[in-house]
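Provided herewith is a single structure, encoded as structure tokens, for subsequent inquiry.
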């Protein structure tokens, strides 16, 4: 039994609310237990310099936390004039994994900018951000369809993510903050609707780990992600 | 009749939700129509250098918008390495006006940091931030009382704020974004529970204004702020 | 009697020197007692991005202090990599108030950049900057006329500013630094030659204030500004 | 046969030169084929704020490339005032993985700063940096031993890293730049001398991947890292 | 005959005004023809970290130009977040040359900060800044004497500087901007009251130069600096 | 006899290795005793804004040190968000002196960017950088010739540089770090193959100096630079 009463292969309560911000083309609030992230998708009718004139689109992401999303207050990046290293790593991950399922030819020469802002953090913010951002991305594409700017939804598959880890010698799915901060091994897994992997990041925070432990963790993640993709399908319908 | 059906002296629907973020000592969501601002209050057991060793506390504020709080996406400050001039002006205003009602001797040598983050903007974000931040500030003081760190709530009066302006020749209370962007004159007013002024900022955006127009606007603001302070009293009880 | 012997409704000695810097299109030294500000106006044959192609001009302002303009030395902004919050607020005010009296169609697609650099500070630097900058702005427009680049001076009215405040319970005009730092209430007022208001910023630094006190202060400001506009007219002649 | 004539399970020629810079406590040049990285280890007799007074040490890392380490010249970070996101991610990885094998109690309250500077890049710079930095770290610890500042080498195991990937449907060890830029899947693996994992980062750059593909890649990495640790043992002797 | 009527060995009209800013311990306006620089000296009762606890003082300098000190407006450093390379070079020169004549033991553990701000530039701003800053430095030392904080003026000799150059094949003293921008060779010379050199910077801007040309330029500089030191002596009296 | 056994007019062992980095158009390792600098030359098919459309090229330089090039570790510029003042001064010197021997018309509208990165510092890094960068610059021009992009090598003369100084009353050539840090007078000299001067920077670090001392130092430098240009000619052949 885990500190919040879950079994080792249980997700926390997951909820996805669409149209959370009225101004954005896609705007999702995702809640995984006490972790809450606002994910918006903005359509910009221009592409980065390295994509100009190629007739193709791009997807990029930014990630940040409100100062009191965490137990101790974090300084805003601007007060130090430096983007937080962890945030930069996470936003690179979000952008990279979403791009894997976008058909840039179909999207056309425009960019979709994903903003993931953590309102309240309780572990698993990066994976929640990916799962929520995918829904916002689809909504932004539907907005483009409705406007007649694209002909088909340029998304080739679902994408969701979850964290797994080893705490007190036990493999567990979807760690909350207390579990995460005590984990010996911590793994973030991103998968597609077809059950393939897009990204696996396994880190021995306090101890090295074996191949067998890794395989157990991947097994837990596969189950969890399948459930999350079902939730995405429930709120989105077919692509 | 205004674009959203209000009369010229009507506030938008105002709602204040306490304990909105579980980590913060004070955490409020304030909604004024479609304007939504998260206001947190953080207790820090240290004071800025200029206050050190004086046995007195301090209150400071930061204000920011999520990138898609607005119709067009705003770049994050960190991507330009410059804090937005408007944000800086607003956070100075929030801190200054709240400090007017804090007894720093009673607060003791500690700082309360107010964070106002606009989730969705539809006009009047700075005044909503002040009205909401006041409630978060009181909650942080109550947290200090419960912990036995202070003996009395070091707040000497209520504080709330509202915007007023002249649109199409008509004085109006609590402008929404569409009204605000068409206003000839724009005024932000901050008042205490005793009905005195802490700050008045009147700007002739498109036209100069007369003393008479200003007096009419101040009258509207007095009414609106009295209502907002009633809402604060409803959610907070007596100080 | 005030610390420098003035009565409550006296301005300090005010002097405006044109052509103070040989390189600038408009270049004014304004002295209000011991406060000395250099205001230059630079014509740039381009406009900011948001004005491009509209056939209209723009006016913007920057404000800064020399490190020893004040009693204690201030660090230069560049040494902290952050523009001083107070400076940013002031330069936004200067730009905003001057723009109110400029006919941007007549100015044509060019920008006038105002630089206000405080050489010596003794209270009222922001209002002195506005009063001096207006004269530099007119001189830059006359330069454009002489060059045959515009047909008429695109300035619709005079603009000047002054500070007023309540010190030891007494309303006073044009506070020097010592008065300003002891003021309970501090107000900056910007008016036109026609006697209308462009901006009023009233702040209860140490105490809230009543409507009656505000009205008294505005009365003092009206008088003071009328005198300053007379001085502007003496050095400039008719517009 | 690969573009440089290797078989799929061959490392490039690997060479580690100790004492490469005369000033540093540890200073290594590591060459993996045409990839060349200078790794220095600096002993600093202080620890970061969060470690102060705990009687424990810390290890941190910085990673950078010379502007012409790559085919196209890269701007220096300072010219953009932003640390490159990729560099920041890599230096976090280097620090994290080295810390796993350091006994901070034995190290005592001091910090070892690792600097990895890429002189010439041809793929696999981050894994080469880890493999070389480990040797520099050991040399810095030996310097502390010789100075009598520590009693035992505070390193609990060897650490080395390698990249693997899938190129044209073929799993390969130790990708050079041309292979890396064509890879469908790219994986960086960090392991200990005992054959356990510290970090696995698998990314589907162009395509998602299956569990089976991942297992094949991990198998290749295990072999390659065992060889690299042998080279470390040859240049360092027993710990 | 030069463009402004001078012979090749004439200085421009040089004027030094003391007590130019009322707040600073030393405050000089130096004018060399149309070049005008404000030089202030600030006493700070602390020293940089590398001097702490040594019982010795330090002198440092900062140099900047107002945006319209020049024909074309310069952006402020803060708007680019980068200190201008030329300014940085000049302020290093000013600090270094002044330090050569300061007895840091006599000064005691305190710092004198020199600020040189160019109000109007017409060539030779760096050498004017040195000549003026020396006077401000002495005034700050006299302030320390009057306060009883030091026993003797810790200045060992006079220091002044001048530019020389070759324009149209002719060696010239004290170049104005027009001459400077056409010079083939440009040299800045800093000397003491005893006639020795502290710094010589000779640059072949458009052409290399011979030893003989250099010797001629140094001869001109010696004469010019002797005159400037006489002016310093006239305004300061004996040290 | 000097600390490393040289006589006062001896250079340290000087070695220039071409093609040191495979990616760069020119890439040199220069070693002067224990001072080692990598100098690369990059051809960019664009020029700075102020050169656009003039049919002429440009040469610019950047200079930096690895953190452990020196006895104590230096922070990277990016960690302070400020370019080191000394580095900025040096890179301006390198660019300026190289430009003196480039025929920009012959080079055509393109820029050559020189990067000088100090791997190990032992005095004289700036002069070594100039001597090495000249060779890299020529190699980049030869690359342009081979590509058929220019018709003649646009270099009008050789350029090399050396430091000289007065240590313990003795004039010396090519100071190592220990000598340099004890020098009373320090001079950097840049000369052409024809024996003319491009730049002379003489600084009285601890004492003022006489004309006679300066002449002795220049004599030493002339000899040293003639030797360095011979080494350049040996590795490069005729221009």
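By letter and in written order, the chains are A, B, C, D, E and F; residue numbering begins at 1 in each of them.
In this text, a contact is a pair of C-beta atoms (placed from the backbone, for glycine too) under 8 Å apart; a residue touches a chain by one contact, two chains touch by 3 or more.
Just so we're clear, the structure is a prediction, and the values are computed from it rather than from any experiment.
Chemist: Give me the step distance from chain C to chain E, shortest route via touching chains only.
Modeler: Contact-graph shortest path, chain C to chain E, evaluates to 1.
Chemist: Spell out the chains that contact chain E while also contacting chain F.
Modeler: In this structure, no chain contacts chain F and also chain E.
Chemist: Through what angle, to the nearest 5 degrees, does chain B rotate to match chain D on its C-alpha atoms?
Modeler: 120
Chemist: On a CA-centroid basis, which chain has its centre farthest from chain C's?
Modeler: D
Chemist: Chain D to chain F: how many Å between their CA centres?
Modeler: Once rounded, the distance between the two centres reads 33 Å.
Chemist: Which whole number of Å gives the spacing of the CA centres of chain A and chain F?
Modeler: 50
Chemist: Measuring centre to centre with CA averages, how many angstrom lie between chain B and chain F?
Modeler: Here chain B and chain F have centroids separated by 59 Å.
Chemist: Using the touch definition from the top, which residues of chain B touch two or more other chains?
Modeler: In chain B, the residues touching two or more other chains are 81-83.
Chemist: Classify the inter-chain contact topology: is it line, ring, star, complete, or other?
Modeler: Here the contact pattern is a ring, one closed loop where every chain has two partners.
Chemist: Please list every chain around the ring, with chain B first and chain C second.
Modeler: Cyclic order starting at chain B, direction chain C: B, C, E, F, D, A.
Chemist: How about chain B: which of its residues touch chain A in the complex?
Modeler: Residues of chain B touching chain A: 21-24, 27, 34, 38, 40, 42, 44, 62, 64, 66-71, 73, 76-79, 81-83, 113, 115, 117, 119-121.
Chemist: Once bound in the complex, which stretches of chain D touch chain A?
Modeler: Per the touch definition, chain D meets chain A at residues 81-83, 85-86, 88-89, 92, 96, 100, 157, 191-192, 194, 196-204, 206-211, 214, 218.
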